[in-house]
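Across the two complexes that follow, chain A remains constant while its partner is chain B and subsequently chain C.
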Partner chain A sequence: MATETDASAAEPTLEKPTQPAGRPTPRSSWVRVAESFAMFRNRKSIAGLIIMAVFAVVAVFAPLIAPYDPLEKDYQSLRQAPSWHHLLGTTHMGEDVLSQIIYGTRGVLTVGLIAGVLATFVAVLIGVTAGYLAGWKSESLSALTNVFLVLPGLPLIIIVASQYDNPSIILISAVIAITGWAWGARVLRAQTMSLRNRDFVQAARANGEPLYRIITVEMLPNLTAIIASSFVGTVTAAVLGLTTLAFIGVIPITNLNWGTILFWAQQNGAFPDFWWWYVPAGLCIALLGIALSLINFGIDEYVNPRLRSAGERARAMRKKGLSATSGVTAVRMVDATPGEDGTSTSSKPAG
Partner chain B sequence: MRFLLRRLAFYAFTAWAAITINFFLPRMMKGDPISAYLAKNQGKVSPDAIESLKTLFGMDNPKPLWQQYLDYWALLFKGDLGRSFSRGLAPVSEVISSALPWTIGLVGIATVLSFLIGTLVGSYIGWKRGSKADAVVPIATFFSTVPYFWMGLIVIAIFASRLGWFPASHAYGKGSAPAWDWGFIVEVIHHGFLPAATIVLASLGGWILGMRNMMVTVLDEDYITVAEAKGLTPRRVLMRYAARNAVLPQIQSFALSLGFIVGGTLVMELVFSYPGVGKLLLDATNSKDYPLMQGLFLVISLAVLVANILADAAYAVLDPRTRQMEA
Partner chain C sequence: MTTLDFTNVTKKYHVRGSGTLLALDDVNFSLTSGQTIALVGQSGSGKSTIAKILTQLERATSGEILLDGKPIPRRGRGLRRYRQQVRMVFQDPFASLNPYHTIRHHLERPLRLDHVVPKDQVEDEVYSLLERVRLDPASTIDRRPHELSGGQRQRVAIARALASRPSLLIADEPVSMLDVSIRLGVLNLLADLQRESNLGVLYITHDLATARHFSDEIMVLHHGVVVERGPSDDVILNPQHEYTLALRNASPDPDKHFAGPAESASTRS
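And now, the complex of A and B:
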């Protein structure tokens, strides 16, 4: 037992659902595309994706949905509690909180998406390369990954962002991505290392397939679940990072997002009385986070079938009147008892 | 032994990387806030301090880069991190060391508590999988996705402003000075309760979910079946067989997530005006106090590194396989 196998217990193991992207069976490319999204085909992932889709629609159609302009000031109605005119009340300047949240979705999703794509790209590049190569090249890439895992991300982001007077969205996303790619790279490296020695990869190599083809056609399809999960993970981290940066005022307030709303609320004495000003923004961050974790739970269960079946099996057993915690013994006892003495076949009391 | 040496080499490398990043950060930034500050405060800064600031911030341009790098290391070994602009030119190392105990006390205790509680709760839920205990999972997910600072603000709004049970900010009352007597200690605990509780609440979810998932996976292993077949008490199977194995990855992820925890709790200190490292970093950011910012990043990185080493050592003690594999 080496530590590698041990660590892989914590990381998803792709035992069951691997479908080597083979050429033999002639399938339409659509079927293959659909297959590579199989990890989203469960209740949790779909629920998460639906919530994400709602947020995405809100972000894209913000000007149509929002009842007011986010910065439109109405000095007749300052700090008003929610009413039919302002569904989520108004700020100290009479701005509509609901409109700010709707427009703020744009900032959050843009940065989350850009940072997620950048970080995932780096993670795949470094993780898969480190997993496929061997020797010192692999070790040094892995050491690089570990350094970025250990370095505290948020302080680094704060310091880098504060060096600029007016950091752009791209810069903020890039900095968040730089501090966020390492975890995905680590998991990808472990999985690639185990794939490298599987038969179908060996066969491809023996057939003389070029390296880029082995990696993109043979290996990547088997890594999609992990890549997706690391993408979702970095988006979560990016959303939290962005709102935190905005809240502490490192990001210019012209970039409207949920963190900026909380920044204004705190600066202008919203706490504790004007709850409509600060509660919705926080709940939106939490809801987005929950949606992303739901997607990831779904991927986890796809990758590790034990997670999926555990609750169902235990519930089924309890229905039969067996205790789930000592379930295995209970089932075996039914088999074993008649041999010892015929009187008590099912010794387990119901309930 | 080889395992230990490898880990040590890795940590030495990481420490070197952190220090080197710190060396290059100010050299990459545009403009030169340091000379502007020095020009404004001519005569107030001693020549010695100017010299070290120039080395730290790369203003000794005529020198070749490697020379600057060596000088920088020499300064670090002397413990000289420059002078803090926003704190009356006090040495950065002194400013940081006055804030460090507060952060280590608060964040350290809260993190360890959260890890212990979360792991215990998680192993129980994994054990009772499929029962009503599963309801904890969505609640834990919710708390783990709420941003730290927002939860802190809500907690202040409820328990400090509305109910008035706890003070809303600072580590101790305005009138008292730090001392080792009961009155002061009680005061510190009273002030620290809300921030600590918030950190525990916000980070608990991750530990619960991680442990629960590991338990569910481990409980399917054959050695659990064997343990149950032997007729061991469920309690013994839970603690000695299942939880003991499931906790190992938890400890590893504990080490890895320290960096994130530190980041989250920095903002916590801002919300609660707690006089720790995080508050210091954010104050330094707002007042563009670059020497203090650089020094803080270095100290925080090294602190996370030390915590990682401790977690690694604990892992090696708990899991004999890490030691055996090399032998």
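And now, the complex of A and C:
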């Protein structure tokens, strides 16, 4: 009978002539773009994005925000503790640490962004292709991924970077990207393999959709969360890689970033006395790492709602007046009808 | 009038470790527009393999599929023309529609791919397709699959299959994932559409009752071999092969009643 209502509910409208004017307009592409950011619409992601936005603003408007030129030397005030003149103190050359941190944000974010974009591009290209294809093509792409997965990233970067006197930011980012795309590709391959056999992809194939449309229109939108999380992951790795390289002195000092500050601090015996020289840079690295992780946690929760912490669920239940420890199922008590055999009453302990 | 001939088709799968699996063994049948054939068999009997070969998602190991006497081109425009003629409704409406895309996208794509109607009429065609499957176009068109019920989704999947104006339709267990109460509605819709557009339907199922009700002919598949075929009533009422008999006896008989309800209720608790 439900079928009848199902069909007849639509029928009255069929009799009216459909007016083209009354038709809903298709969703604009902007609405669709906004919808694909749904994965960032949770508290963790938003917190991470806000921190990232602050860093981005600092990087873009560095010349306006920084009180001094980062490399301006003031030999009258060397290794000074924080004061109103130098909010985060000065280096052994009298440079303002705060200004160095502010300008350093630029280097960190630029390298992180370029490396993240490059690595994600390669990961999507190789991962999705390897997942969609089958047989030896897929296997060889997978083998390639595995090779890059076991490549020790940092030593490789050191070797490549030391071939150049003054490696450009693009080059550093490219090298970090080359060593960092493999994880993303691996995850994307697995996810694509499971998508490939889903009916909607098969249906698109049976309809005669060309391969490029199957991959870009039917499959990629369903992978956005994983691509985003892979991007965030590579940005984190790139930032850590860059600061490490700068700290150990592989990257020339002309590229100012938080790692370079740590490098100079270490070179000039700042540890442990001149804390204002190294603590802020370290904190910035940690803060950026936290922000990126928060974004990633948010995406994870969006992809898998079960990950939402048990505490949150308990809080929500308490709001509704339930106890998290008691059973969730409401048990309805039914009187056993007298006269019938007593075995149907569930209250009997004998069971 | 379109005729599809499935001649001497064999399909082998290579199974890692245990050699080859013979999924279809020399299967023959032909399907003409306007005709309904039910393909019955248990899971693993090769029903879905036939569907996959018909939609060319997989290729037969040997044998030929002829559409109006001509073999299917392996690729390119010829293959697309074949696919425009032979469409499939998938079993699971929860999996066969892309969760990311709207109903509009699902129905527009086949229209645009096969140039069924001029570009400026695509929207009108989408509306009329939705009306044909008894859905309200204005409220459905911009929804995503997850906003629709199972029955509504399967109607969309049927509309998608009809979009290219095929002459043959493969329905792979189109109602088995649906709620029992709406199965009949979807099946009746399929029957109506078939009559309207003189479709040839290959109705794949394991349900003998609906097979008998909706098809002219029943073909019973067992371990990749067609063990019995013939007019529906003959096959059901007078099964010749022991597997058909077993299938028939396995389906619940409405004339036989279970033991008294009070008795069963008390034993359950």
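Just so we're on the same page, the second predicted complex is superposed on the first by the 286 of 351 C-alpha atoms of A that agree within 3 Å, B and C clash if a C-alpha of one lies under 4 Å from a C-alpha of the other, contacts with A are read in each partner's own complex, and residues count from 1 in each chain.
Definition applied: a residue touches a chain if its C-beta (ideal position, glycine included) is under 8 Å from a C-beta of that chain, and two chains touch if they have at least 3 such contacts.
The structure displayed is predicted, hence computed values, not measured ones.
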*Please work out whether A:A143 is in contact with chain B alone, chain C alone, both, or neither, and reply first, second, both or neither.*
first
*Now for A:R205: first (chain B), second (chain C), both, or neither, which partner does it touch?*
second
*Is A:P221 touching the first partner chain B, the second partner chain C, both, or neither of them?*
second
*Which of the two partners, first being chain B and second being chain C, lies in contact with A:D300: first, second, both, or neither?*
first
_Contact-wise, after the overlay, does A:H85 reach chain B, chain C, both or neither (first, second, both, neither)?_
neither
*Once the structures are superposed on A, label A:Q163 by its partner contacts, choosing first (chain B), second (chain C), both or neither.*
first
*Which partner reaches more residues of chain A, chain B or chain C?*
B
*Can you pull the chain A residues that chain B and chain C both touch?*
1-3, 6-7, 9-10
*Sort out for me which residues of chain C touch chain A in the complex.*
55-57, 79-80, 83-84, 87-88, 90-92, 95-102, 104, 109-110, 113-114, 123-124, 127, 131, 134-138, 141-142, 151-152, 157, 160, 164, 179, 181-186, 188-189, 262, 265-266, 269
*How about chain A: which of its residues touch chain C in the complex?*
1-4, 6-7, 9-11, 13-14, 18, 20, 22-24, 26-27, 198-200, 202-209, 218, 221-222, 340-341, 343-344, 346
*Where on chain B does chain A make contact in their complex?*
10, 13-14, 17-18, 21, 25, 29-30, 127-131, 134, 141-142, 144-151, 153-154, 156-158, 161-162, 213-214, 216-217, 219-220, 224-225, 228-229, 231, 234, 237-238, 248-249, 252-253, 256, 258-260, 262-264, 266-267, 270, 281-282, 285-286, 288, 293-294, 296-297, 300-301, 304-305, 308, 319, 321-322, 324-325
*For chain A, which residues are in contact with chain B within the complex?*
1-3, 6-7, 9-10, 143, 146-147, 149-156, 158-160, 162-164, 183, 236-237, 240, 243-244, 247-250, 262, 266, 271-272, 275, 278-279, 281-282, 285-286, 288-290, 292-294, 300, 304, 306-307, 310-315, 317-318, 324-326, 328-329, 332
